[in-house]
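Dropping the structures in below, format is structure tokens.
You will see chain A twice below: alongside chain B first, and alongside chain C after that.
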Partner chain A sequence: MTAARYVGQRVRRSEDPALLAGRGRFVDDVTEPRQAEVAFVRSPIASGRILRIDTSAAAALPGVLAAFTAADLAPYCPGWRGLLNWPGMVAGEQTALATGVVRHVGEPVVLVVAGSRAEAEDAAELVVVDYEELPAVLDPVAALDPDSPLVHEDLGTNLCFTSPFGSGDVDDAFARADTVVEVAVQTGRHTAVALEMRGVLASYDRDEHTLTVRVSTQAPQMLQTLYARLLGLPENAVRVVTEHVGGAFGMKAFVYPDEVAVVTASLLVGRPLKWTQDRYESLQSDTQARDERVTAALAVDAGGRVLGLRSEVVSDAGAYSMYPRGCVTEGVQVATIMPGPYRVPAYASSLRVVFTNKTPLAVYRAVGHPPAILVMELLMDEAARALGLTADEIRRRNLLAPADLPYTSPTGNVYDSGSHLESLERALALLGDDVGDRRRDAERRGRLLGVGFSSFVELSAPGAMFYGAKGAPITAHDQVEVTVQPDGSVTVLLGTPGQGQGLHTTAAQVVADALGVRLDDVRVVSGDTRVVPHGSGVWASRSAVVSVGAAHAAATEVRRRLLVLAAHLFEADPDDVELVDGVVGVRGVPASRTGVAEVAAVAYWGTHRLPADVEVGLGAVGSYSGPPYTFNNGTHVAVVEVERATGLVRVVDYAVVEDCGVLVNPDIVDGQIRGGVAQGLGGALLEHVVLDPIGQPQTSTLLDYLLPTAVDVPDIRIEHIETPAPTTTLGTKGVGEAGTAGAPAAIHCAVNDALAREGARVWRQPIRPEDVLAALTAER
Partner chain B sequence: MKTAPFDYVRADSVADALAALGSADDARVLAGGQSLLPVMALRLATPELLVDISRCPELRTYRREDGVLTVGAAVPVRTLELDPAVGGAHPLLVRTLRLVAHPEIRARGTLCGSLAHADPAAELPALLLATDGEVEVAGPDGPRRVAAADLFTGPFGTALGEGELVVSARLPLPAPAARWAVDEVSRRPGDFALAGVVCGLELDGAGRCSSARVVLFGVAGTPVRAAGAEQLLLGERVTGAVLDAAAAAAFDGVEVVGDEVHASADYRRRAGRALVRRALAAVAEDRS
Partner chain C sequence: MTRDPVRVTLRVNGRPETGWAEPRTTLADFLRQELGLTGTHVGCEQGVCGACTVVLDGAAVRSCLVFAVQADGCAVETVEGLAGEGAPGREAVHPLQTAFREASAVQCGFCTPGFLMTALVALRERDDWDRAALRERLGGNLCRCTGYQTVVDAVLAAAPEVRALEGEGGRR
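== the complex of A and B ==
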């Protein structure tokens, strides 16, 4: 390999011009000839039996092509269960349209097809559905009561999954402890609120017998497989296309009933069908996340060193385990990530994942990490207060030092490298030493200033065991095909789609370096299963490890073949041939230098000049699976001001020290961190799916579901530490979710630091001004 | 999220608009559309006819005359906000406008539209009430004026009759001796207020309060005068103790409405009192 020329550089993103100019191609931007549009009738109640559906008035409306119920689609598309082989896990059946029972507000019941969306919505209003309303299961703890109504009658229980986690003698640890602190924490139910809402454009070609589905998804090949299975088609007849995707965050990594219904209906109607979700539907039917109730206790010795940790986690899964990732991952990660970057000799956790009559809970950026890190960091601060230590000192005494690595956490996670302690010290330096002055200044303005730390590790780029071993069709590998064209330009086909995170740019940097060509000569293509090799999709911060590894493997192989070819032309030994910046030559022989284009041309048009043992063409597919996972690490520090009079919290300063190993493109990493912190800030302070006592969503528009805006997010100062991963091709670790993982804890700890000066705390997210004011008043 | 079918008429004059409004059972006026169109998209409003007044020349003007700023019904508030003459004549208006949503929304939304929409959490109805403004109304029975105190009848409810149209808002310019403040608490800048206050004081030569006006918004079904606070201020020197007492009494007799998403009634009352205290102090200090 040649010296890194592009890897590590702040190369400008090739993705940006089209997106910034509004020329992205999202699902709704594409229109097929003869296209018709879909609207859904969705359940208006959280729980009930469907007694009767009358679509006759809707079907009679001019412009309406069809109105389908579950009975209409069932012969063509069976139901499915989001069941993974976690021991003892149960999951109810889900169908494209609700079959006999509705289990959450927003569940699709009837699909209406018309010439336009407006006509389809007019018709949907005329559909009559009679329900027998049933008592809704809304509290996940009460749902475990034997007398509770059941979300899925056939399961006989609302308990989806339960398991212990941890190792070490926890009872002994707590018996030996000088100090034990306890917290009971609840995090708010979130949803991803992608800028581009979900959408499908499905076309069935009756002559070719092929189905083409344009869909806003993170995992095109996964959907290709699952559409084929559900509809009984061979996989080579199913093409999934995803061009630009306007945000997904885990929410678009599933088989959604409404999307399957549109795809199935396209076969029956015989015309391309488009459905573009609206925001009202998005806030009721996109997967939700973070709804975790955690009680936890930390045992420390007199010096503040952790002896043991206990936690009980109740995860509110909502109505279904979404296929294929299921609803268990978040709860498992809350339980298993909690010990974080600290030396925790003993840990015992119990997890219960519970079905309720809510929109399904699933994975969402930094799956499980925000609640896990939040609980651990709140415990650290409580222990520090109990012992009279500062927040940084107690962390310093417990964070893993270089000598501790590799370290196996009490839940079996192995941290092979990192800068756990150093990231804290660097964050402290970023914070500066004027906190006292800032506190006094804030006090003069009627505000309490608080500083909060969040030291964390984040599981990223998980490998084959993560889902594959659980029986889900989710691979850990990626493939990338690199081809040098006859003119020397390079085409890179990514198995995993680039969706705005900058993967096209990152992959081009890696390929240009590995191959020895100029960045401008590399063109990256992704997102069409008929064109690209296999890949697992965009999830769990895997691209910078797995896609990059595959791109590197492919480019390295092409480079090898190019050098063999050039050596033949130069009549030299391949080991003496060099390739730098697109120029090939024999080392030490300047006169031999020639462009890649001249060599490549021979590989295609001059094959008569080649002996039989030199391969024709200059393309190769590289595959990469990566290690079981990589753990990035970091420390965030947040400074907040809490207004005494109103309880309003403003984040006024924020700094991040992040270590994700080797940086391919620092600008892209910084962007991921900034966006992630903004998302975490939303979780800490604003975002919350609110249901009324009968399960009716109260936050079905963005007037009520509050997202952070540019004015709510402070400037974020970022520093990097680069501790290379010993196990990945380029030493990279995943980082796409790290900002979201760390931010809720840092902000919450900062708020509690401010409130603690008045003897108050808050224990729920989002931290509403109302809760802050109540806490300040109650404990005075 | 498509609107139910509706008819659309673009009016070129007030007369046109009134005729159109009278032609349908369920006609609604479209000005900036910033409140109406979202509720139509959700099919929470399904008018038969929209009468678009946004391009009526006679409604697109505003003028200052005899101590009153008269603003036509088709004037976007951003136009007022950016006009230095408006800022000079009525600084409270501009400060209030900056609390209304975001620049993009203010570029289309109108002052009269906000008044006619009568959202109880909106700033501009409170401003109109606090400053004794009124609206000029055209209708089938001829023109009339409705004072702010009579205009707001409940959440999203006004005293406008069938077929009537707000053609302008009349905002009396603040007296030179008066000092005003507007303040609100909202989860994010630009959101509707969880509690808000517009308040104004005039002090006489001896430093006693000769006129007091405290109007709360975002806390009840309409903007509401805090009569308890006003009475405690009148005739008094505005000492800290008097301001404390006034703020404490601000919600006397006010029926505070809360909700489970944004803030409870209790929070609105408590934060509201603190806001009143802070706003009155700002006004009093401005004077000194």
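== the complex of A and C ==
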């Protein structure tokens, strides 16, 4: 065995030089000969019937090649429903362009093709669409009223999905409780805002009957399959290319109607078609998230030990269940993750997912975890206040200890390993013991200081049961192909592309170690379905488990074959041959040492020297499908200052203790955590898709939809605990979403800690200054 | 208003460049589409995200808010010119680029060119930024991936070398 040399190291990223030089290849950076461009006419209203579409003036404009409506595309591309076989789930049909009815502002209605984007936009302005405006369904609770208008008439209901979750005798738990606390929490609708907007460049080859789609996505093979299905093409005729992706965060893991419309139109127009979204479109048509209303109650005994938990979750799905992940995952995770890292003997939750006339809600980084963790942590703090315990003490009394593991949560999640209690103690140490001084100092400056904890588990690297078994083309596996070339250099073909997190670097580290070669000799390629083996995409914090597992499997197989070949050349037993630092030799025979290149050359160009039973070539495809999921865990601690005069909240200190198992590249992991915390901070304090009473978006620019800036996000101190996952190849657990999962709760708990000194609290996110002021005023 | 394209001539990264632009064409689109300099990214076209930041006659500007015709006759610096010329296999690297890589300040890299150009101008002004002031200065550039800390680290780390390289007032 070679000792790990690169895994665990802060290796510099191989992705960086091109990106730093401005030589990235994002979709919009690539231009095809004779490329034409697309602009959309989108619905300006939340709900209505399309009475008439007139594209004649648009089509007559110079430079315009085509203007398509739903009727034009329907013969080539049928509609689809974002249905997963959750019992009782229903979903309305979605089409590339709106068919007869519009169900949210921003839904694409007409696609215009012209020589340039500017011409296409000019033409789009000339398209006339007459609507009969219908009352919009905007409140998910009112939407359940039998008299409510329906988002999808044919479904006969706005209720997409409902289900109970949990186990144990909750009634008994609450009957025995010494203290019961309740909260009603609402988290604001937000959206991913990947800095690179969505985009497509689609070309159809009329001779070969092949379709090439360059697209900013997390899941190229999924799109390959679905484009083929929708357009009636064989999968070997569809090539999806994804080079650099400028952030995705779950939002780019779907079949988007506008993208499908561009792809379909490329068949009809016979020229490469490019569509690059603008930010106005992004804020109306990218999937949204976190629109959750939760009421919950916690029953504790006199010592603050949890006896039972109840929750009711209403999830606002928006207008469509986006294919293929659908719209229920967030709500399901809010309900099922809520018990978190605590001993919760009894839990009952009920979930309702409801259609409304809003942009579709779907998965976004940490899917459901932020509201779930937020509710649980707020309950913990309320219980602590009721009992006169500190925030850390009530957590200490309930967090899972090593002796509790493996632990099965009341929703059936199994935590096989972790450091739940230890992470809290380490976070306390990071916080330090000068909180009293900091409070007094803040007071002198007219500010209330608060400290908030968030102890959590995060589900990562989910297996096939998650979506695949529910009928979606999303599996848990990944494939990676590793080839040692004749000169000893190594090519790694990743089935799954990156979305900016450094997956090429991580995979190279693992392959270099598993093979026994130098990192510089490894080159990683991804993102072209014509070249790479199959993969399920980047999602759910899975790459460090699944892609890495597959890379390791492939490299291990190639190493085995290389050693067999070398053994033959050395006339030695394969068990006596070793490969270290790219040098092969017979153990204990220094004279035998030779470079990998010499052996590899024989595998390709010197096959006459090999007996018939030694395989030629040095490539192998490795696969990984792994356990049902892993759970990472951690504790965040946030320190905030609340300005009494303005209600403004500033996060002044932040520390993270994270346990995501074995670290492949600590810098990359830290980057995931910091970026994740920043997104969680955004959700807690800033980000909100605001609609007016008739469903008109009020947040159409990044001046209105507020993202955290360098001024808002503090320096974040990070400590790692490495409890290896017992079930994954390298003991990794995945970490991409952990920062986002934990941060909203830590910050919110800190704000409430500050406000509680004045008897006040807030219960909604984002926590706006006016809400803080209102809460403080109400108490005076 | 006429839509006819007009000739625009400017110095880009020290070289004269000429192209055609409609009066409404932004400098960002001109650089990307007419000159093929796609390192300048467009993240909002609303003047908010800073991804399109270039240096125009020494000032960091949002190229989505400047019309190409307004830049006629000006000197533009973009990310592509940051490092200067190198040789194949030995590409030149600017100290800011080195510092970003060393500090892990890049994730998806979409915001990165904008940060580099903003930072370049900031470091030409002074090399003694304190962390808080530098955060304010970078506050007009959005990054959705890194959480900013490592970007701040990188700019601070690059300060002495950039100052030495650029000299007072910059080299161009």
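The rule is short, and it goes like this: the second predicted complex is superposed on the first by the 779 of 780 C-alpha atoms of A that agree within 3 Å, B and C clash if a C-alpha of one lies under 4 Å from a C-alpha of the other, contacts with A are read in each partner's own complex, and residues count from 1 in each chain.
Here is the rule we go by: contacts are C-beta pairs under 8 Å (C-beta built on N, C-alpha and C of every residue); 3 or more make two chains touch, one makes a residue touch a chain.
None of these values were measured; they are calculated from a predicted model.
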**Message:** Quick check on the superposed pair: does A:Gly502 touch chain B, chain C, both, or neither? Answer first, second, both or neither.
**Reply:** second
**Request:** Could you say whether A:Gly247 touches chain B, chain C, both of them, or neither, answering first, second, both or neither?
**Result:** second
**Prompt:** Looking at the overlay, what does A:Gly671 touch: chain B (first), chain C (second), both, or neither?
**Reply:** second
**Message:** Taking the superposition on A as described, I'd like to know which of chain B and chain C A:Val354 touches: first, second, both or neither.
**Reply:** neither
**Message:** Per the contact definition in the header, classify A:Glu121: touching chain B only (first), chain C only (second), both, or neither.
**Reply:** first
**Request:** Specify the partner with more touching residues on chain A, choosing between chain B and chain C.
**Result:** C
**Message:** Once chain A of both complexes is superposed, is A:Gln679 in touch with chain B (first), chain C (second), both, or neither?
**Reply:** second
**Request:** Go through the superposed model and pick first if A:Thr709 touches only chain B, second if only chain C, both, or neither.
**Result:** both
**Message:** After the superposition on A, what does A:Ala194 contact: first (chain B), second (chain C), both or neither?
**Reply:** second
**Request:** Have a look at where A:Gly647 lands relative to chain B and chain C in the superposition and call it first, second, both or neither.
**Result:** first
**Asked** In the superposed view, which residues of chain A touch chain B and also chain C?
**Response** 118, 278-279, 701, 703, 709, 711
**Asked** Touching chain A in the complex: which residues of chain B?
**Response** 1-5, 38, 42-43, 185, 187-192, 194, 259-264, 267, 270-271, 274-275, 277-278
**Item:** Residue numbers on chain A that touch chain C, as the complex places them
**Value:** 10, 12-13, 15-24, 26, 28-29, 31, 118, 192-197, 244-247, 249, 278-279, 499-502, 667-668, 670-671, 674-679, 701-703, 707, 709-711, 713, 715-716, 739
**Interface residues, chain A side, partner chain B - complex** = 117-118, 121-122, 125, 278-280, 645-648, 686, 690, 692, 698-699, 701, 703-704, 706, 708-709, 711-712, 768-770, 773-774, 777
**Complete:** The residues of chain C that touch chain A in their complex are 22, 24-25, 32-33, 37-46, 48-49, 51, 78-80, 82-83, 91, 93, 97, 100-102, 104, 106-113, 116, 131, 135-136, 138-152
